[in-house]
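Once you scroll down, you'll see the structures, which are given as structure tokens.
Both of the next two complexes hold chain A, though its partner changes from chain B to chain C.
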Partner chain A sequence: MSSSEHRDQTANSNAATSQGHQLLMMLFKAGQGFLPLLAAIVVLLVVFSLWVPQGRFLRFDNLVDLAQQIAVNAILAFGLTLVILIGGIDLSVGAVVAVAGVVSVSLLTPAGPVGGLLSGIAAGVLFGLFNGLFAARTAMPPFIVTLATMLMARGFALGFNESRPLPISEQQHLFLALGNERWWGWLPMPVILMFVVLIFSAILLHSTRFGQHLFAIGGNREAARLAGITIATHEVLVYVFCGACAGLAGIIHAAQLYSAEPAAGQGYELNAIAAVVLGGTSFSGGVGSIPGTLLGAIIIGILDKGLNQAGVHFSLQYMVKGGVILAAVWYDVSRRRLSR
Partner chain B sequence: MEQLSAFSVHKGPTMRLHTLLFLAVASIFWAGCRSAESPSSGGDHLFGVSFQTMNNPFFVELNEGLKGVIEARGGRLVTLDAQWNSLKQKNDVADLLQQSPAAVFINPVNWEGIKGTLMEARRKQVPVIIVDAPVSEPDLVLCQVASDNFEAGRLACESLAKVNPNAKIVVLHLSVNRACIDRVEGFKAEMAKHPGLKILDTQEGKGSTEGARPVMRDLLGRFPDLDAVFPINDPSALGAISAIEAAGRTGQVTVVTVDGSREGALALQVGKLHATVAQFPREIGRIAAEKAYDHLQGKPVEKDIKIPVKLITRDNVHEILQSDKK
Partner chain C sequence: MANAPTCLLELRGISKHFGGVQALDRVDFTLQEGEIHALLGENGAGKSTLIKIIGGVHQPDTGEIRINNAVVQIPNVRTAERLGIRIIHQEMALAPNLSIAENLYLGREPRRFGLLDRARMFRDAERLKTELDLPEIGDVRTLVGQLNVARQQLVEIARALTGELRLLVLDEPTASLSEAETEALFAKLRRLRAQGVGIIYISHRLEEIQRLADRITVLRDGRSIGTQLAAELHIPQLMTWMVGREVKDRYPRPPYQPGEVVLRVRNLRAPGVNEVSFEVREGEVVGFAGLVGAGRTELARALVGLSPIQSGQVLLNGNPLRLRSPREARRAGIVLVPEDRKREGLILTRSVGFNLALPWTRLWARGILPNHVRRAAIIHNAIRNYSLRPGNPNQAVNTLSGGNQQKVVVAKWMEQPPRVLILDEPTRGVDVGAREDMFTIIGQLVTQRMAVLLISSDLPEVMNLSHRLVLYREGSIVREGPAASFTPEEVMLELTGVTAEGKPHQQLGTSRGSSNKDGK
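Coming up: the complex of A and B.
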């Protein structure tokens, strides 16, 4: 294995221009970085397969359910990964989930399913643009900017329909399918959408010049500026992407619940941030990956589902979840300090 | 061979991880085989309940009612808190349904949003009993068990009409909540019998003490002749009382409400509250669990079960305070 790795490295330096090869190398190297996360997932699977009565945890349809249940959080977390990677934060994603839901559902009848879908994503993009412009063009910290937009977005959503949920009519098959359709009778549509966003954001971050610039900005802002990277533009685009992800998540959320709720998504930003951080993205920026975030979201999903099915009291569930996040990030941080 | 040893020296920690992974995968297979062998144990039933929130003594009591019946019959109840999050509720119930429960009890966060969950339960042939809140698709559930909220509103109005047949009333509503809508409808239905009663205004009191207080202060300022208020639950009644005291109009405004909580009973005892209509959450839970067992034994179950409510005034307030001591 070590010799083949060595050969790969030489091959890589010989044909450094081959982007496909670079991607392969990146995946290989990253794969090793993910071992602790993969091990954690396997350990959790073992624990719950023994703990949940009658071995129901590892049954196929339960695992498909698991994938469906992490979809919304994972999509939010992919967008947030880029934001956190450049040293930013977006607290507004949960509220944008609600805004996108109510906007798209209220426009479903006049604008049709495609119009509703696009308007929901557009709402997310607009909030992202707002966040990005303020974060990039003013001296305000993104924590404060997005805290403010979180409140504004929540207020906007609550202003709809006197804060009551907006039902989606049965006739909107196409829109409802986004949350409930199962391809070939088993693969849920939200899972497919999650993989689309996963692939798109992984390519964007890990094999484009834009992505390289993001790592540079997160690693050392000043050096990136001196290297001629237009930081403000990159920052705005990253927040816009995060907003678009939140918009899509909001639409899936509404479709799954057959209604858009103005109160939806409260606290989702925290769950998404937990997935990003578990996935190895550094809060100080410059380190992180999209596949890591997926694994982080999977860990949170397994914990939620497993503790539910093991019949653990909900008060204890919070404590276990908090403990696991703390332990995982602690391990990750100390491992990184050792390898430095 | 040389390569191998170099590998293990160089990659010690990774190697250990590989071993760990291998052991883990092996034990998954072992667990899988083991579970395939053991047949599912019948007899003792598993039940699940998902509440919109557990941050309310009402639902804690309701849960106790369910648990009492189920545990007495050798079953097991898993209680989940949706924290006002419809998607969490959907996921929580999906997790329950995977375990083939005998029945699930749901107290929906959002009566529209629960539809997908109800269809999933139907697909898995698990009966659903809705507790303390109606849903928009009654056909998808086995039955609904709730307080008779219409009657509660009616009783509150009746007791007000007895002391002040010409009351000028304001209503502190929580219009997102179906139960509260029913209370106000019951109140208005009874008003038709008392032509002297008049509603000056209806405002959102948010169903909470903090929400009701400022709204009530504004209303007291706007209507100098206001002499009665119907806040739809005890917490908002406490908010209204605090606003009345702050405005110096104690004793001039009659407060009637619905809930029958301990806090409400204490306010009643000192005369700040005229009447509250008690609900019996523990009874709702008990009846819901018994209906589930009835259904499992093949007995027919009524669709819409209303749990009686009881008017509480100074004459019988000791009943509430005593029952709480237990």
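Coming up: the complex of A and C.
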């Protein structure tokens, strides 16, 4: 008895001292997984600093600009990470960007800035709810469900103002600030919002029971079910979260452009999926992380901006981007197979 | 004895059907506190359905569940867990992408300030490991996907033992454990029994049940056939309860006029197959009897080139074969009718005709234009010769009954009959009428001098249809001989690994780790 008590005590004190150590170890281990991505980012930065004329690429204001451009895609990608992690997909996020923009801007005058903002996010939530209910409660594959809602959302957005952009009045300072305000004179508001979503979704996915259950659902649905996890509820909530992210992204996008464009966000879903996949989230579910997705979004952002500033013809830009995605995911998949 | 043990669980008149299949039919069952109650029965007898009802995975159609004499509803897994019910399912119910600790606490993760408390989870898992005396589990941070099956099984067991436990159900827990691991598990179960936990134990291994259980209940065809005290265990009685179907069914054994040896297998080694040798003559049915997981499907797959042959020889009419693909096997004259007809035997969404004509494209689809006359003739012959119903070639295969689907899978090979036909569980999920049709077909094929290899877990069927019987256990042949020379009790004993006196085989457990699930 006494010896076991003693063992307990030492174990406890060990645990207390090692907790901080453990956290460091975990961060270190997690960081190791991200090393290839970080290396890729460094390489890209070096390449473009040499390639873009006059060393413009690494200039501070250019990097801030880059961060600003990454923000919208990253916010979309955070929501999508959760969806893809449980083995789903959401193709509608690009169209929802447009819907959220036109809905919030057209309600700005009657409902005020807060009402406009909330209505835009609500539009995203509604589409997410729709996607989630269909994906969770019917046998329809989420690819088809969200392909359909993508078309519906696009049609809905194009129905506003005869498909022409809705300008945001200069008086809407608060709303415009979401896209253009710079804190301390340099930090763009969209980047701050991106970090808010980053922290929120990282905690949600990596530090709550809910997130833990998402990993279980993605890894082995049957095991999750037998452990008493309510899969349908989790699934619906994931799509709702993804829709909310798309709603927020849509509002920021509109504010950045000083107008809501019914044709906005075309192809954004693909850029976001690319970021998620580059970040190491597996399409078969169960593997992935929010920090990884951030790095993925940064890579996509650097490629976009860098190739542009280097004066590469846009046709070639697409091909380079495709090649990078293919190579990165190939590398990721073969590395994972080796470690099995 | 004055103090009668309390009845922990009582099931009264539980029935459950899935579609048209009656999985459970008015089953009664009781479990005392501090009792190990073994549940026996052939595959498909309803054991898994019964425990899924106890665990809140399925809801019974009728009947009531009482726990400590109070009627309860168990609408979901969470309720079951709250009632202290834990189930170790047969199929692995773990997430491979999560660590051992995360799996142990899946669905009941410890929290701190509303957030996941990983540090505590790992700490608790370590402590649990020591408490349960399961050091073999290893580092609780290891991903479950990196563990071998035995260690995964230990994780499942540890998982079931967390939290308040009153009723534990184990569904074939030792299938992948070594002898030592099994012993350790038994010691734990006995300790739990002493603490008053009620345990339902499902296994095919009679020897284990004999050593462990207090009472034994046999299920057959979804009905509870009877309950015995293990102390008064009478194996022949148990066997009759388990297999006792031969009185009901009739099996026309095909006439036996064996010819030349067609298929000769020498020292065959393949995944799940250990040094197997046997031969099949023309006009002969050789039955492979064994439990699910004995490795018969693996043997069949090796014989048609679906899994690589590691060593040994397969000779057809004396000529050695190199089997690298089903295409080569078929060209040589060996064809497999697979166990899972829906996944492996048919293109379900296409028509009967499409499926019947598919193997013969080289006959009707040579050159530029397909020969529709030839195609129609192939389809017509198959439908007529094998009395497929309904006989409409344009009907989608998935609208046919299970029996007729099975007939399509057999009939599609018969335009130019193979020399060796391997039937893997040809009557599984097939109704009585179609079952008899299948027997007639086997008879026809034998009269046409075909060599038939019949794999079946249905004991009366495989014993009565075969001319020669091969008893198969854990990837090897344990005995073979004329089918008429075996009694069902003998066969069952050989297959489960105990002798007629109820003594375990000496060699039992030596090769246990290698046995796999059939067809997986």
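Keep this in mind: the second predicted complex is superposed on the first by the 314 of 340 C-alpha atoms of A that agree within 3 Å, B and C clash if a C-alpha of one lies under 4 Å from a C-alpha of the other, contacts with A are read in each partner's own complex, and residues count from 1 in each chain.
FYI, a contact is a pair of C-beta atoms (placed from the backbone, for glycine too) under 8 Å apart; a residue touches a chain by one contact, two chains touch by 3 or more.
Because the structure is predicted, anything quoted here is derived from the model rather than measured.
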Please tell me, clash or fit, for chain B and chain C sharing chain A in the overlay.
-> fit
Which of the two partners, first being chain B and second being chain C, lies in contact with A:D65: first, second, both, or neither?
-> first
After superposition on the shared chain, which partner residues are touched by A:I203: those of chain B (first), chain C (second), both, or neither?
-> second
Does chain B (first) or chain C (second) touch A:Q212, or do both, or does neither?
-> second
Hey, is it chain B or chain C that touches more of chain A?
-> B
Chain B versus chain C as contact partner of A:S334, first or second or both or neither = neither
Should A:L50 be classified as contacting the first partner (chain B), the second (chain C), both, or neither?
-> first
With the two complexes superposed on chain A, say which partner A:V287 touches: chain B (first), chain C (second), both, or neither.
-> second
Given the touch rule stated above, what does A:Y258 touch, chain B (first), chain C (second), both, or neither?
-> first
Of the two partner chains, chain B (first) and chain C (second), which one does A:A227 touch, if any: first, second, both, or neither?
-> second
For chain B relative to chain C post-fit, closest CA-CA distance rounded to the angstrom comes to 18
Tell me, which parts of chain C touch chain A in their complex?
-> 55, 57, 76-78, 81, 87, 89, 91-98, 102-103, 106-107, 109, 111, 114-116, 118-119, 122-123, 145-146
Over in the complex, which chain A residues touch chain C? Could you list them?
-> 15, 19, 22-23, 26, 203, 206-209, 211-213, 215-216, 218-220, 222-229, 286-287, 340
Along chain B, where are the residues that touch chain A in the complex?
-> 3, 6-7, 10-11, 14, 17, 20-21, 24-25, 27-28, 31-32, 34-36, 38, 40-41, 46, 54, 76, 78-81, 83-87, 90-92, 94-96, 98-99, 110-113, 115-116, 136, 175-176
What part of chain A is in contact with chain B in the complex they form?
-> 1-3, 32, 35-36, 38-39, 42-43, 45-46, 49-50, 52-56, 58-59, 61-62, 65, 69, 72, 162-167, 179-180, 253, 256-259, 261, 263-264, 266-267, 304-305, 308-309, 311, 313-314
